[in-house]
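So, here come the structures, one by one.
The same chain A turns up in both complexes below, where it pairs with chain B and then with chain C.
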Partner chain A sequence: MSGALQSSRAPLLTTYALLVYAFLYFPIVVLVVYSFNGSGVGGFPPSGWTFDWYRQLFADASLWDAVLNSFIVAAVAVAISLGLGLPAALALDRAQFPGKALFRRLVLLPLILPGIITGLSLLMLFVGVGMKLSLVTVTLGHGTALISVATTEIFAGLQKMDRAQEEASLDLGANHWKTFWRITFPNLKVSLIAAALLIFTLSLDEIAVTFFLIGRDNTLPLEIWSRLRRGITPEINAISTLILLFSISTILIWYRLRTRTQHAGESPAEAAMLPSSLEGEHS
Partner chain B sequence: MYSRAYKSAVTIPPLLWVTVFLLIPYAILFCYSFWTVAPLQVIVHNWNLHNYAQLFRNSLYLTVLLRSIRIAGAVTLLALLLGYPLAYYLSFHAAKRKDLLYQLVIIPLWASYLVRGYAWKTILGSDGVLNGFLQYLHITHRPVEFFLYSPFAVILTLTHIYTPFTFLPIYASLEHVPRNLVEASHDLGASPFSTFVRVILPLSLPGILAGATFAFVLTLGDFLAPLLVGGPSGIMISNIVVSLFGAAYNWPLGAAISLCMLLLVVSLLFATERLEKRFTI
Partner chain C sequence: MNASGSPVPVERGPVEVLLSIQKVEKQFAGRPVLCGISLDVASGEFLTILGESGSGKTTLLRLIAGFEHLDSGEIRMAGERLDQIPAHRREVNTVFQSYAIFPHLSVFENVAYGLRAKSVARAEIPPRVTQALAMVKMSEFSQSAPSRLSGGQQQRVALARALVNRPRVLLLDEPLSALDANLRRQMQVELKSLQREVGITFIFVTHDQEEAMALSDRVALLRAGRLEQVAEPREIYGQPATAYAAQFIGQTNLLRAEVRDGIANAGPMAWPSAGPSGAATFSLRPEAIRLSSAPQGARPAGGTAHFHGRVQNQTFGGAMDLVEIDCGNSHILRARIPSPGPLVGQQEFEFAASDAVRVREGGGS
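For the complex of A and B:
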């Protein structure tokens, strides 16, 4: 039946959809093109094609320090958010406890809450306990905010898992620990890798929470942010192009992994909004 | 089937973490909003409603809040106008290219916020790409200043950033529309238009609500786009909070504004959740 529907042509709608894609990709294309522009970030037509901005970029030590900081923060944030998101997803899927609904909402809140509120509240906490702002506070912030992403991703994986294998393992005398490592964990491996990739990318790009928790050392987005105030050169286009390349490749791998285990169209962003999506089917 | 020990082992660590790093910070935010700043920038812990009173007395806050709501409303509307037809096209007309086209939407969804904001800055600036293009075509002869540093620039940038967010839940809800209902409607003689209005649109309402809430809430709390492309006339409520936490150094007042935002967001989420449940079959 869908064949009949889908073959019906809708030239107007098709054109409109193409225009929306054009709108979505236009700034990205401009950005990339001007990273090769010899005569500055604006102006038309771009002229004097050059790799100078990339050359300048590779010689820019403080930028690479920021890149390194961002990678360290992102790696630890992945560890924190998976380390807590995995038990959180298991708890939401399998345990009943008082305040479960509140717990679910609290975990997911940072997904939809503007970053400024998460950032500010954490700032108050850290200042309150006398912690100096540094990459440590930034990492704790990212880790905490991204537990939401880890939980939704892993929860989706759990929902697709065949429960019978775990039951069999337990019935055959394996304890919970053994069952977890032999059955649950291997089954969730793809979900965990996918979640890690997405969290890594999101942490690398995070700016709203970081803005409030940053100390002396900058992450990459904050380094770019501070340069934007000092006037812009296509060097920023060049680093942006590299960031885009990096995020696009990780996002595509994430998507591939994800569609291997579950059907598409159920991303964390959506899980946070659709109330049904995080209420366990088996309880 | 899971033992008590297992359930505690998976429940307690995340529960503790979330309590320390989310619940307690929100509670601190709540407390701060009732405190005041004494001279010499000392925060005094005497409980009062002074901050909230100031929010209503000082017209600056109300003006900026209303502007933020207007901008958020405009972004939501535009994101729906762009996102819905796109989602509809993908769900009903994309056939084999569906998967590829879907990936093309999620790439900008998860790709860097800062990079996309910066791209618009280079496009809209007074010696930016757009002005260069217009002068190249001799449509204008000197740079048009109002592209950048205006509410318009904020709306354009944020629409660009949040359209994929809006698309996602709409697409999911369209994918869940039972295709046999659509076919039944056709078979019973309804025109494509009336099938859309009477079958598909009502069934996709939960997605529309979710997408709209997303765009609205995230725009309302945004402070980066106004700094990047907004200029003084594009200042939004979160920028006031940022300055209260920075140079202006009035954390209690900043906390009071943030708390109002938090309450607004949470009640909006609660309301849409209720509505969604009502519309979901």
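For the complex of A and C:
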């Protein structure tokens, strides 16, 4: 990895990197461009510049119903996964219990498992207990599948925290409960917000698990998917562009928050269990 | 120490024992960290727990604070069991090595934290915080965010945050170790005068023997989980109990001698020694060795030991020169001699027999 070697190979590497980026992002660029294309989805090159599809989109009530459903599902999924992920992360960080190493891996499992497996098993569970499939089951499914994301994010925040602060709080006469709310929780605030943003985004474009658990009302990705079966419309391109914008900005905020805490916390203990693959997986 | 469990009197005469540590044992994962520590701390005392890293000094402090639980033994405060009370209900406060200032609270709120946690009357809080901040000369930073403070300033806030609660014992865990040398000396002086001013018992942990000497009323020297010696700084320096204590605190020459008929013999040296016969180790401080004015043989005379040796090395040190003396048979003695001028070749030296302090060898593990 000498500097000389690096610079001599730079032109080749740069070209290669550009190709990879093109491969990754060209389809997305096409999607965005065609959402403004005057002659609809067909034909190359795109011709004419129009906002018609966006206009059409904003008049489409059933699509907006799906958007609203997705937002509700995502918001509740955030609440569920944070609510369950926080105690899990606390247990991983500070409790000693038999099988902790196993628990730590099992918490991550839903992240690695194909959505089909998670979806199918949740479906069997809900059917087994006699629950009717609806947005409620979808929400429960998202909440469950994304606990691992919440746990890893919060665990990373806990690892960065100076434990002496909590001891100082106890030392100054605050009991464990007060210490949690006045010291631990404020220290975790950034991690919690970051986790919420990430989970919200992930839930918003989730298909695999949703597909198994959906009832009568569609979430946005499923609405799009069902419309696609009737053929691609530029309207779909338009809504996808909007989702893309929304997701990118959420992820950017998440990333900013995260790097900020990394610089603020001086503890070098970077969480080993952090799923780095997540950072680039969903965009 | 005595089996009946009645408080053991402090060595320093009739002072009130505030904190009594009795036969405390602590292990981490089967590894003994503290082995049978018994120590009494007097009210208003400045006690330093001195030891190398890994000697167990921080663990002892954390046991008193309540962050660790002891395996056996007990800690009492004013006669009451302390070790069974949770940390947040102990009348003990800690200044942490990392200061552990709450980053999301202002300096004022950091200091007020303990008062609020203990539900001190609302009206009482501002004046007490203001007073505490004034005490550590941090009044003007009351509304600052901790991230804007230097290490020394954070240290002061940590002190104020602890003292504002008027604890019976203040624990300080190497609070000066992160400061640079100048600031450190200044803080030593301030810490000492602050302690006199508030009259609170300080238990100070450090690995720095000079700091321990400068600050403390008494020093408890800890080695591998055992107390090596507990004494006033002058005593621990002048009358070290063990070879380890003699070497850890200041510099010394360790003389391996053979005691027979009240005379100790070590190579070319001989001096009167009252102790029992047999092999013995003596500590002789470098400044106890003088140039001898009356050249004589190596015979003990009038409680003074004479010997001669070759000056091997001489380092100029201002008021005192460091002289290495080769006494033959690989006996090298280090002496601090006030302005001797250049010394060459064989010289006569002497020391008072009372300056050769018989010490215990070994101890610890």
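To be clear about the criterion, the second predicted complex is superposed on the first by the 252 of 283 C-alpha atoms of A that agree within 3 Å, B and C clash if a C-alpha of one lies under 4 Å from a C-alpha of the other, contacts with A are read in each partner's own complex, and residues count from 1 in each chain.
Throughout what follows, a residue touches a chain if its C-beta (ideal position, glycine included) is under 8 Å from a C-beta of that chain, and two chains touch if they have at least 3 such contacts.
What you see is a predicted model; the values in this text were computed from it and never measured.
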**Asked** Put the two structures on top of each other at chain A: do chain B and chain C fit, or clash?
**Response** fit
**Item:** Touching partner for A:Asn187 - first (chain B), second (chain C), both, neither
**Value:** second
**Message:** I'd like to know which partner A:Ile28 touches here: chain B for first, chain C for second, both or neither.
**Reply:** first
**Prompt:** Counting only touches as set out at the top, which of chain B and chain C does A:Leu84 meet: first, second, both, neither?
**Reply:** first
**Message:** For A:Ala168 in the superposed arrangement: first (chain B), second (chain C), both or neither?
**Reply:** second
**Prompt:** Among the partners chain B and chain C, which is in contact with a greater number of residues of chain A?
**Reply:** B
**Asked** Who does A:Arg94 touch here: chain B (first), chain C (second), both, or neither?
**Response** first
**Prompt:** So after the superposition, what angle do chain B and chain C open up at chain A's Cα centre, nearest 10 degrees?
**Reply:** 100
**Message:** After superposing the two complexes on chain A, what is the shortest C-alpha distance between chain B and chain C, in Å?
**Reply:** 5
**Asked** Across the two complexes, what residues of chain A are contacted by chain B and by chain C?
**Response** 167, 170, 176, 264
**Prompt:** What part of chain A is in contact with chain B in the complex they form?
**Reply:** 1-2, 4-8, 10, 13-14, 16-17, 20-21, 23-25, 27-28, 30-31, 34, 40-45, 84-85, 87-88, 90-91, 94-97, 103, 106-107, 109-110, 112-118, 120-125, 128, 140, 144, 147, 166-167, 170, 176, 198, 201-202, 205, 207-208, 211-212, 221, 224-225, 228, 232, 236-237, 240, 243-244, 247-248, 251-252, 254-255, 259, 264-267, 269-270, 273-276
**chain A residues touching chain C - in the complex, by the definition given at the top** = 162, 164-165, 167-176, 178-179, 182-183, 186-187, 264
**Asked** If you look only at chain C, which of its residues touch chain A in the complex?
**Response** 65-67, 86-89, 92-94, 96-98, 100, 102-104, 113-114, 117-118, 161-162, 165
**Asked** What does chain B use to touch chain A in their complex?
**Response** 1-3, 5-7, 9-11, 13-15, 17-18, 20-26, 28-29, 32, 82-83, 85-86, 88-90, 92-95, 99, 102-116, 118-123, 125, 127-129, 131-133, 135-136, 160, 163-165, 168-169, 171-172, 175, 179-180, 182-183, 192, 206, 210-211, 213-214, 217-218, 220-224, 228, 238, 241-242, 245, 251, 254-255, 258, 261-262, 265, 269, 272-273, 276-277, 280
